[in-house]
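Two complexes, one shared chain (chain A), two partners (chain B, chain C).
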Partner chain A sequence: MDLGKKNRTSHRKRKPVKKGIALAVLTLLFAWQMASTYAIQRFPKPEFESGYITPETLLPTPRAEILEVMDVAVLLMALSLVTWAVLKRRSRNLVFWISVFSLAYFGFYREGCVCSIGAIQNVTLALSSGSYIIPWTVLAFFMAPLVFTLAFGRTFCAGVCPFGAFQDLISWRPQKIGPQLNAVLGVIPYIYLALAVLYAATKTDFIICRYDPFVGIFRFDATFGMFLFAGVLLLSGIFIARPYCRFLCPYGVLLNWISRFSRHHMTITPSVCIQCRLCEDSCPYECIEKPVTVKNPDSRQTTLKKFILAILLMPFFMLLGGWTGSQLHESLALVNGKVWMANELLHPEKDASQPETIEMTAFKASGKPASELYAEAAEIIREFYIGGWIVGGFIGLTIGGLLAGRLMTRYRTDFEPNRGTCFSCVRCMDYCPIKS
Partner chain B sequence: MHEGGKDKTVGRRTFIRNGVQISIAVGLGGIATLVATKAGGDEFVWQLDPSKCTQCGRCANSCVKSPSAVKCVHVYAMCGYCDLCGGYFLPETKILDTAAEHQLCPTKAIKRTFIEDPFFQYTIEEDLCIGCGKCVKGCDAFGNGSLQLQVRQNLCDNCNECAIARNCPSDAYSRVPADKPYLLNGFGKEKPDIT
Partner chain C sequence: MKQRMILIASLVLLLAVIGYMVYDLFFSESDRSTNPYDYGLAELRKSDSALIHYNEVQQFSIGLSEVYGIATDPAGRIYVTGADIVEVFSPEGELLSTFPFQDTAYCITISPDGTILLGMEDHLEFMSPQGEIINRWKPVSEKSILTSVATDGTDVFIADAGEKIVYRFNMKGELINRIGEKDSLAGIPGFVIPSPYFDLGLGRDGELWVVNSGRHLFEAFRPDGTLISTWGQPSMEVEGFCGCCNPSHFVILSDGSFVTSEKGIERVKVYLPSGEFSCLVAAPNQFDEGTRGMDLALDPNGRIILLDPWRSQVRIFVHKEDESDGNR
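Entry: the complex of A and B
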């Protein structure tokens, strides 16, 4: 240490040697004195003779909190406005312009963050972790659309969600993909939701944010991979309306469940359906349910058989899914940084020519004992084992439920929107000849 | 169930729907209350702990913003005002001047100004800084550690999932309440002497 100081101080000078040495010794003594008093700095701050004043280190503050509160206010206003436009005005034009506003404000101005979809993870983290403190605004962004959906259906999707608005605006040539494919692809959001909750609960990652195709576009700075993903999604969105909302959005799962039981869901006709079938093909999202006028299409015995099959399907798929999930838990856990690092330490690469990873260097520099890391990793893997059962069971239940649902027919006299999947975009209303 | 049966005007489906509506409302309220007990009045911001930072250079490229919202910040109060600044000069530099070929910074973002013999002030020009941490590494290795990487909160988009935090090899990022956004390591407290 002393040697270092000496070298150091001598470097500072370009003075005659003698004076330099004397100064060096003095400085060294002074530095040593200072070091013993403060033990902070290798080179204590000089005492300037020229009256130099140390400049202040500027620490700019984050975005004012009042603006965050404003975001919530804008969210609530947009939700109220779009709900009024859907249910009272029944005006596609109005919904369209509100969605343009939402895209501009929540999308391009607020850059798509924080959004209600991503807030799932913050809420999960807040519930599972003792230390994470969720901001009020994030909680508001999570709860407000759910509450509105319970009361009025998925009006949030119609014109407030910037992702939905974006896709709604570009769906120029929507094609039908058929109920079978729709149902199969419709399982993906459930899997996405389950994994997002698993990774958020284990403090591993926020995968919804990580694989969000839109934020990169709102900010004009996505990575190449994400641009490719977003490009494919948006291009396909021209022909398949709202691909993210229908086949990826994990928040849509929650909205779907709640919307089924919404109090005042929009209807295609303002009063009576006259079975004119004009709206039949109007929905770009294939959410209009056709009338099923036969009350009991099967004999009593077939109905009973179907019912028993449906009852048996769900626990079977649940167990199968849970078991599969528990088998995959170690692979799922590898996404976690600590588990990955422990794995690297336990099974080092055979190839010694590979340079050491930055993570490994950082871990060695931290001075943390490997045993501590192993203990942490083991705990995380245990969480993933339980999580694997839950996630797998949930996905199994979803698949079982969807299959069971297909066995059942529901009596219905009119053309009605599917309350679960309908985005309340109001397109079908324009086709209905009944206007009052 | 029998309540729904009594009232002839309420159908079975309506009754079930009402029931589920109330359960969902109660459930949402429950979740909200549970989460609200953990909610803080403050917004969170991302903070970099310089004592954990290994100056790997990923802050420069991982940020969703370009250039990165992480910049080198000079904590003047910790600076030794060295002539031979480990954060300014390339190692092995003999001539201590402001020639570009002697500078560590790839963007020439550090300004060196003479104060009085033998002391120099080093100022970061934040517009030029890309947050690569090369100077921080130099200052940390040979100096007081007064050059530090910090998340500039006025530049940070405050993403829900910070892309740098995800990429950070030493777990130096954390969410902190917005009223204490900066952690200037060693500023006013002991810094471990690594020599």
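Entry: the complex of A and C
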């Protein structure tokens, strides 16, 4: 009997039960969130059956510091546990249940905030603005996964990130999309990261939070549009495993870079690879690199040409990207509220048919002179001009690096997880016949 | 082949998500063209025309800039009060008399003997049918804001929105008892009056009906202050009362039904003596938005007399069946 087939069959038989239990837990958490939604006070008052005295509206008290300490402690504990499960126990089951816990705690209980992904913006703002002091918990949530990744690979993605856990749960029929498309779509997180940093640095917006598809579900308070947005993303996630992690997550870019240098990254086999190829198609994220057994497939001259081309490609794309970004800086800056307002004031005829916006009404009521607003907007646009060069250059460098990377081949003898993109989910280990 | 199609569809969905983000970030201005803080009561202001059982048969203007209270006497004359003056109109709306006085009267009622009782901010004044001030009581309390007064000729009941209490006086001005004070043993929850709209009236059996507007409740008391019954349901639907404090005013029909007026969502409704919603007298679209303080009275022919302070008008409503009988 084909050992690989047996392994895959047994693996698939277990999966529905495990996912069924996890989904039941998820449904319960949904119900909990929905129940609390009904407790929200609305205007006009809700319909009480009897002489209930509506209490005075109270502002929520800040989260107790001890609970914040607990959040960080739970994060560190979960990171440690999942790293142990990945590297020592090599147990997919354990990783799976840790991720369910993380989804429950960091997702539904902590309602997706603080999250390491969004913390990128806080860190950026803290670095670019002297007036913003980053809370230590946010910094911890940003740094801890990076430190663990540097040592052990992306174990954070495997079982601690609630977004990843959520997508893992609904990834019922993952299909492969192929390396080319994977690489092209893989550029999007870099663009997203660059824009998120640009908008945070210019104090424009926290776009990662704005387009966070999961927080609205965790809190059950998303607008219809955001529910639809999340629903469509999750629907695609049934067949394309972890679409947010692979093709959107800006934090994943940082983890990808750092993980390449990780000292103790997981391996598919605990010992010597016997080239059985059972793991070849096991990764739903297409992160397994096949062996390249020929050390120098090209002639020396061809290799030199490729190397020179790669060296030239990156600065070329960097300059091209930077120039393009600088040309788009005004369009990019229009997302900023002050720039948008200044633009509206400068072109009052543009939307004469539309009712005045509340921002415009508020600005006019403030008595602030338009010249002051124009000066502020001009300064922001100048920041965007510089930012446009940096963002464009970064995206160009990414594309150039991607192309250069495809020119070069790296010698490897075994099936190996791609250290950058591998989520350390441990699925592939289940397929490896060597268990010790 | 099927798998390939599914994959393509999934990719399209994924690209749609990314496309939405790009569109929303750079091209959409929908967030700015709508006010997310808008109360959005427009839908609630709509009402089913089939529920309106009354027609507005008459309206006439009052020559006063500030009007607060309205009352009728057994002859059907209409009394409107405001700052410094009481105007008396015939049932047809003809101005009969004007009675000047000092101060501002926020509420008015006519005693069975024709005496006009005027509720000032903190005290009561009595005016003869000829318009002479014949008595002036001492202030009730420093915090008083008198919003409604009723009398059966023996007792005078005064609603005080400042103190959130109802006082029962005899005709000599002696306080007999306080009504509606919070008393958990007696099952009296106390009045919740967030704004100075606190109405009262006497029922067919001499019971005192008071609007506990913050609780959206009608409460009936015996003159000694014993709570008899309550009705009312907070609801955004037409059957109930909504907002901070409604209804603002009411009057009791001869069959014991209640006519109520509300602010916020301006409307006038009729409830059966049991408290069950009966019909609409006037829908929100019949009033200017923001209208409040619509005091009510009833004339001997059962016509509902409504004071519209926003338009400075007296508006008269008649049941559609009565109108067809020629009762105008």
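Just so it is clear, the second predicted complex is superposed on the first by the 371 of 436 C-alpha atoms of A that agree within 3 Å, B and C clash if a C-alpha of one lies under 4 Å from a C-alpha of the other, contacts with A are read in each partner's own complex, and residues count from 1 in each chain.
We adopt the following convention: contacts are C-beta pairs under 8 Å (C-beta built on N, C-alpha and C of every residue); 3 or more make two chains touch, one makes a residue touch a chain.
Treat the numbers as computed from the prediction; the structure is a model and nothing was measured.
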item: Partner chain in contact with A:P243 - chain B first, chain C second, else both or neither; value: second
item: Chain B versus chain C as contact partner of A:S366, first or second or both or neither; value: first
item: First, second, both or neither for A:F229, with chain B first and chain C second; value: second
item: Partner chain in contact with A:I177 - chain B first, chain C second, else both or neither; value: second
item: Chain A residues touched by each partner, larger count belonging to chain B or chain C; value: B
item: Which superposed partner A:I358 touches (first chain B, second chain C, both, neither); value: both
item: First (chain B), second (chain C), both or neither touched by A:V123; value: first
item: First (chain B), second (chain C), both or neither touched by A:L146; value: first
item: Touching both chain B and chain C, residues of chain A; value: 43-46, 48-49, 210, 357-359
item: Complex contact set, residues of chain A against chain C; value: 43-49, 51, 53, 173, 175, 177, 181, 185, 188, 195, 207, 210-211, 213, 229, 232-233, 235-236, 238-240, 243, 247-248, 331, 334-335, 340, 354-355, 357-359
item: Chain A residues within the chain B interface of the complex; value: 1, 4, 8, 11-14, 39-46, 48-50, 52, 54-57, 59-63, 65, 68, 111, 113-115, 118-119, 121-123, 126-127, 132-139, 143, 146-147, 150, 205-206, 209-210, 215-216, 219, 221, 258, 261-263, 337, 357-359, 361-363, 365-366
item: Contacting residues of chain C [partner chain A, same complex]; value: 3, 6-7, 9-11, 13-14, 16-18, 20-21, 24-26, 32-33, 35, 37, 39, 189, 192, 215, 217, 230, 233-236, 240, 242-244, 264
item: Complex contact set, residues of chain B against chain A; value: 17, 20-21, 24-25, 28, 31-32, 34-36, 38-45, 52, 54, 56, 58, 64-66, 73-84, 115-116, 118-119, 121, 123, 142-144, 152-161, 166, 169-171, 175, 177-178, 181-182, 184, 186, 189-191, 193, 195
